[in-house]
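Shared between the two complexes below is subunit A, which has subunit B as its partner in the first and subunit C in the second.
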Partner chain A sequence: MSGTAGYLGAMASISAEDVPALYEGAKFYSPAVGDAGRSSVTSWLAGLLERNGPVPLMRVESVAPDTQCVAVCVLGSGSAMADLPPAGDEFVLAVRQIERLQKVRFGAVYPLAAATISALVPVVTAAQLGVPLLDADGMGRTFALIHHTAMHLAGVSPTPLVAVGPTGESVLVEVLSGPRADRMLRANVDTVGGWAALAAYPVDAGTLRRAALPGTMSRITNVGRVLLETTDPEALVTRLGAITGCRRVARGRIAELEHLSRQNDVTIPAHPSSLVVEETGGLGRQLRIELRSEIVAVFADGALIAGAPDLMCLLDVSRGALATLDSLEPGDLIDVLVTPADAVWYSPEGMEMVGLASHGIPLEHPRRR
Partner chain B sequence: MRARPSTSPITLGELARIRPLAGAELHLADPARTVEQVVLAETFDRLRHCLPHELVVLHDEAATGGWSLAAALHLAWERNLSAVVVSRTVAGASSAALAERLAMSLIVVEDDPIEVALQLAGQVSAPAAARAQRQARIAELLAEQTGIRGVLGVLNRELQGVPVALVVGEVVVAGQAAALAERPQARQIEVEVHAAGERSAARLVAAAPVPGPAGVDQVASLLRLARPSLQAAWARSRLDAAARAAHEQAAFGLLRRLGDGEAPSWTAELGWQVGLHNRAVWLAPERPEGEPSEEVTYLIRASWQRGHGGWPLIAEGDGWISWHSGPDADDVAALRRALTGFRDSAVAHRLVVGVGRAHEGVGGLMRSVAEARLAAHVAREAGAGSVQWFDQVGAAAALAWLPTTEIAQVADLTLAELMAAKDRAPLVQTVLAVLDAGGSLSQASKQLGVHRNTVLARLARARQLGLTYDEPGQRLALHVLCYALTTLWSRSRSGSEPSPP
Partner chain C sequence: MSAPTIGVSLRPERAYAAVVHGATAVPVEPVAPARNDADGVIAAAVAEARRAAPQGADAVTVDIAPVLLDALLRPDSEIPPVAVVRVVPRAATDPVLAQSPAAAVERRVAGRWTVGGGHDLLGNELRPLDRPGLARIAAELAATGIRHVAVVAAGSQARPAHEREVADAIQAAVPGARISVASDYGGQGLTAREATVVLDCALTPLAERLLDRCERTLARLPGDVRLRVARGDGGYSTPSRIRVTPVMAFGATDALELCGAAHLAGLDDCRVLLDRDGSPAAGEVRHRLAVVRLAEQPQLGTELVVPTAALTPEPPGSRGGDVPVIRAPHDQRLLACVGAAIARPASWLDEVAFIESADELERVRRDAEERATAMVMANGAAPGTTHIAEISTVAVPYSPSGTVRIRVRVAGAPDDTPAGR
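Up next, the complex of A and B:
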């Protein structure tokens, strides 16, 4: 795909011009999220990068192994962040608290999940701290809980972690078992303002070389460029396929939105609902798309054809843009795109953590049949 | 009565008619599908181990909604199961659409799935008991019916895919005419229905597809089950009909004596409309055979009033009077529909129909009746089933009243030579054509389809045999004679009546 003007391959730095592409690409990897917090965060980041200059983006291998690194992300709801915008120092404060606790100085920042707003805030943090950003992350997309990371699978503890709210209050969490951290944090996020700046997974770069998913920041920027460059759905699907390995499984028209009060497993915060799509052309199948905080499975005539941890997103064919899940209406013509997640998620441990069973669907994943 | 105890597996269609599935929302792909076993599936793993022809009731984990039903339907399709039963809380419209797409039967129940599964299992393991239960239910439904149509309605509803009709002679009195149609892979089952002291028996006819959802012996036993209700309804409606016929006849006589004036209020009690524009219809037998019997009147009433229950039918002389009253004198759509619907019965009973013009009030009605009667006489020429509108008759109606038989006897006496000739028919026909054409040979030859010279030759021979049509003093008499002879001969050719000696 090097013929495409927008594709730059791995990048060396992120400047103010890259911010729109970064945002669009981040949206591709988290299709559930709306545009609520867009303008405030993107203009904040673009201003920072214009004032402080571009943030260097480094591969994990090119950083000295003993460099101390920390992951940052936004915890909580995006709409809460739009209501109560950041004061600006929450992420730096969170990082500094861990530095004080561990008596170290972090030499690099990396995203916990290179998707949604959480893909932008590490750039903000790196620009504010004056340290490079690592071209790697812990999820390669978004998952619901903070221990759903490649680092956790590699045995890196998420704690000590610090969450700082927009009010300036902070929470420090130290636990023995990773999954406990999320539960303790959820209880606090509402209290500190609906969202919080999170700094977690303090670890040296040597460990990160094997524990993090490489190249993900470059990837979302390139995806963003493609999305901004064309609105022709055919060209979009082909070019996205070249970068992300995604493919279109069906095109169809939304027939029904079902909001069911189904049995819900309490650990994942979102109501399950279901989308029925009549395939246009092809076999004319009936697609059923299961939604929680993201798209978790796609059934065609009742047969499972894609499911978590695959990344499934919907392309609004008439607009030639990604459709966010809160913007769907019956009658919309959509393409269903399925992108394979990073290989680590298809391991038995990965599947157990973020696979179909974790969403209450006791069926075998189509990639493992 | 049965040849063998019916132990063949019960079908979906049969199960769907008895509790607990009666009243459930049914999306049956194939009601004839047999059900060999019932499985209560609470996990997808259980579903994966189902065998073909099993009916599966989903609950618990396998019925969590949305995707789970879609996935279950797909598995059921893969395993060739008979049907999927699921609770209402889980099924949506899209599930029904998917079931239809996969040609998988989906049954949505209100009750607890476990309860339903237990009851179904009992029914499937003892099909004979389930069938008996169904028959008992139908017997109850039949007993509630008081009319013939109601009884046939229950039969046709309960025996889905098996049309049932009540037939008298060859005429369908109620039910679905499809029951009489000859179809491959369908067996006709007949049950006689006698009313007490009846000569002409009615028959209940059903066309059961073989092999079909309902076994042949089962259909037969249901028809027999319907017989008592039908006989009761038949007798009752006969009594009602006889009373009503007498009532209507008397009322019409009174109305006729009333002459011109306001429509009396008692006409409304009979369901008659007289005040508006009335257009009368005269139903008459093709060949008058004196006053029709009560049975025939009953049958004619049944088929004439099908779909037009409010229209009167009064036996009068050798025919029946009916009329349609409406605000618009030119609106004949309803009447045309009724006539079209009646056509088959008219042919079956060898009737002709005359239709009068629309006139206002009681006097108008009587006038329209006279016109309709005239039109019916004209219609006889065209044979059974024909309809004649008075508007299109005009003065030609006068010819319909000619006593053709008597006139023909006059011809036998006065034109003995002609009547003895073998070629009398073409000769008379030719003379009639020439007279009709006002003496024009070319028009007559065109109408007859023969050469002008042939016409000339025949005229010459006719004159020799005494048919001196060109003598002015005899022309009218001979024209009438020729008309009468031609009408009589053409009627005897088409009909069964032998020509008079």
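Up next, the complex of A and C:
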């Protein structure tokens, strides 16, 4: 398979050797945060996997239906986590609190969002607890709020949930309605240092078979292998397209970064900002890329050409590497890549929750025209 | 035509130099019995500059990065042991998180301590400073005999109070200690900030010896030739600044080679292919400045908070899109010397701020620009010559609405007046 030499398909375990690919692939599915904490987190995870051995990666269908499972992720800012790294026990402490509350023992861990650092910490947690990791997650990328999950759409409650901060302080949240959990958590997360280890969505594996998005951990590792293979942007786009369905919609130089460029909804982290890109070659269009914590829409000469829930990311052409949103500079030459999200997000319920209108852009999605 | 300038690249095995006068760059080779160490090469370069123009050279810009890196990576080098004091709410529970992920950094660390305390990215206190714990640690540290101490506190970029109190307590307990604090550098990421101050401490004696030697050499030579020191971003600073922040000189060679190649090609904007261990590696020059980033240093295995030219392996088939591509000639030591000779004073600032309106964003940006401009003048720029080379403000993803990261790069023209000496 010459086009995707690093492609391995579904994986059975995650070992220390997989960590670099896991990290790069996780960045593709959420290009929000740069590499300020990369060496710290990847060394931590690789060290755990070397000491404790590889973590088994299991399809949800291969786990007994009555196995109790819990999702983990990083809640808050990757920049805050880079500046205040984990002590190391936060995720296990969060899981154990739910176990004590529910009087259960979790038999498996799964990612709430298999993207960014949140794709690595479930591996950390599984290695520390000595349980398998499920090859499934709740988002297939990253969305802003913790109820933006396939589990929530399937009627699974995110609570009881526990957030443990780097200060060692913790918050237990129990709510009647999933969307209220995020609002209750945000202020606490800011108080404990800007990020927290979250354990949530305690549920049995039988329910997850219909509620979670399958194969997403294997997918990001395979994407990461491709990203590590070459720095040639042409080869990268072709090979990524073969396993993710992504396509390049434009190449151009960043001309301007604008802030507070749209109406601000303070319930969503990070204020709206925009990127103006002058297309080099092609039609010479002017692109306007609307940002929140992720890229939410791409306009070309005023026409919407991609939008949430599509996964949109930027490739730094000069370096042949992903450009993260916190490291963009005017003058950078970038490729704008658009990847379809998991199908559940294009359903009416999914679009209502995470589509363009949820970001204050009340336009019809290009895939629906 | 302005006076010639001299660029010197100090390598572990010998020194190299070039004299740049306008578009002309002349490599300098000492004639036996003159030596090819720093003294001999600088003397030969100053003489060569006098041949190029009667008034001789104004300045020598020296790249000390190769010697610093060699000393850092060589286990038997005479680098002092460093003590690290972290100020965070809780000590690490995992051994890997308790240390630097970079072996080259950790090898220089002779002892580590954690003091309870720290702030978040916006300067909010997360835990009061553990003063009884600090007193115990200061006493322990004094008993070790270690005299180089790196202090890094969570959130000290925004509020350095805990970091300064720790530094003061250690200074009192260990008179004469050389203490480096992370808040002097700004930036993001505890690991990168800690590695930066560890290197800063470790490299101080070596940087002082190198710069003392260069200054003594210049003092013996005719004329009034000042010494400048190349920075990691390809700009330069004064010897006095580099003596207290030697890590700023780390990793300068890549940026100098990029700028040297662009200068020799007569291009302001280009992509440059350099040879790295027999394979091509690419970097860019924009507006005559090397494109720099905060990237992992391949030879170190960790990030620092001082920017350098991050080179990328170049696959077959050139890229660069809309800019010309230069394949640099084989003698990259000459390119580094040319890059040093044409370097300009520069500064860089990277910090996080909180804004609630467009007006406030404008105020925050202006404030950052003014401070970066003051820094570039401290690095040797003439008043009125400075310009904002790059500025970017990006919203920090998944942070409270209004949190922005600001990066400013300022460059200027050399201050050649007597006041600037």
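The working rule: the second predicted complex is superposed on the first by the 363 of 369 C-alpha atoms of A that agree within 3 Å, B and C clash if a C-alpha of one lies under 4 Å from a C-alpha of the other, contacts with A are read in each partner's own complex, and residues count from 1 in each chain.
Rule of thumb we're sticking to: contacts are C-beta pairs under 8 Å (C-beta built on N, C-alpha and C of every residue); 3 or more make two chains touch, one makes a residue touch a chain.
As the structure is a computational prediction, the values presented were derived from the model and not from experiment.
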Joint occupancy of subunit A by subunit B and subunit C, clash or fit: fit
Partner chain in contact with A:G88 - subunit B first, subunit C second, else both or neither: second
C-alpha centroid angle, subunit C to subunit B via subunit A, nearest 10°: 60
Per-residue contact with subunit A, leading partner among subunit C and subunit B: C
Contacts of A:S77 with subunit B and subunit C, given as first, second, both or neither: second
Touched partner set for A:A297, first subunit B, second subunit C, both or neither: first
Which of subunit B and subunit C A:A10 touches, first, second, both or neither: neither
Which superposed partner A:S274 touches (first subunit B, second subunit C, both, neither): first
Partner chain in contact with A:S318 - subunit B first, subunit C second, else both or neither: second
Partner chain in contact with A:G331 - subunit B first, subunit C second, else both or neither: second
Touched partner set for A:A357, first subunit B, second subunit C, both or neither: neither
Subunit B versus subunit C - smallest C-alpha distance in the overlay, whole Å: 10
Footprint overlap on subunit A, where subunit B in one structure and subunit C in the other make contact: 260, 272-273
Sites on subunit B touched by subunit A in the complex: 43-45, 61, 64-68, 70-75, 77, 92-94, 97-98, 101-102
Partner subunit C, residues of subunit A touching it in the complex: 32-40, 42-44, 47-48, 76-80, 82-89, 144, 166-168, 186, 190, 192-194, 230-233, 235, 251, 253, 257, 259-260, 264, 266, 268-273, 280-281, 291-294, 317-321, 325-331, 333
Partner subunit A, residues of subunit C touching it in the complex: 88-97, 101-102, 118, 120-121, 126-127, 154-155, 157, 188-193, 271, 282, 284, 286, 291, 293-296, 301-303, 310, 312-315, 317, 319-322, 352, 355, 357-358, 361, 390-405, 407
Contact footprint of subunit B on subunit A as seen in their complex: 255-256, 258, 260, 262-263, 272-274, 276, 285-286, 288, 290, 297, 299, 301-304, 360-363
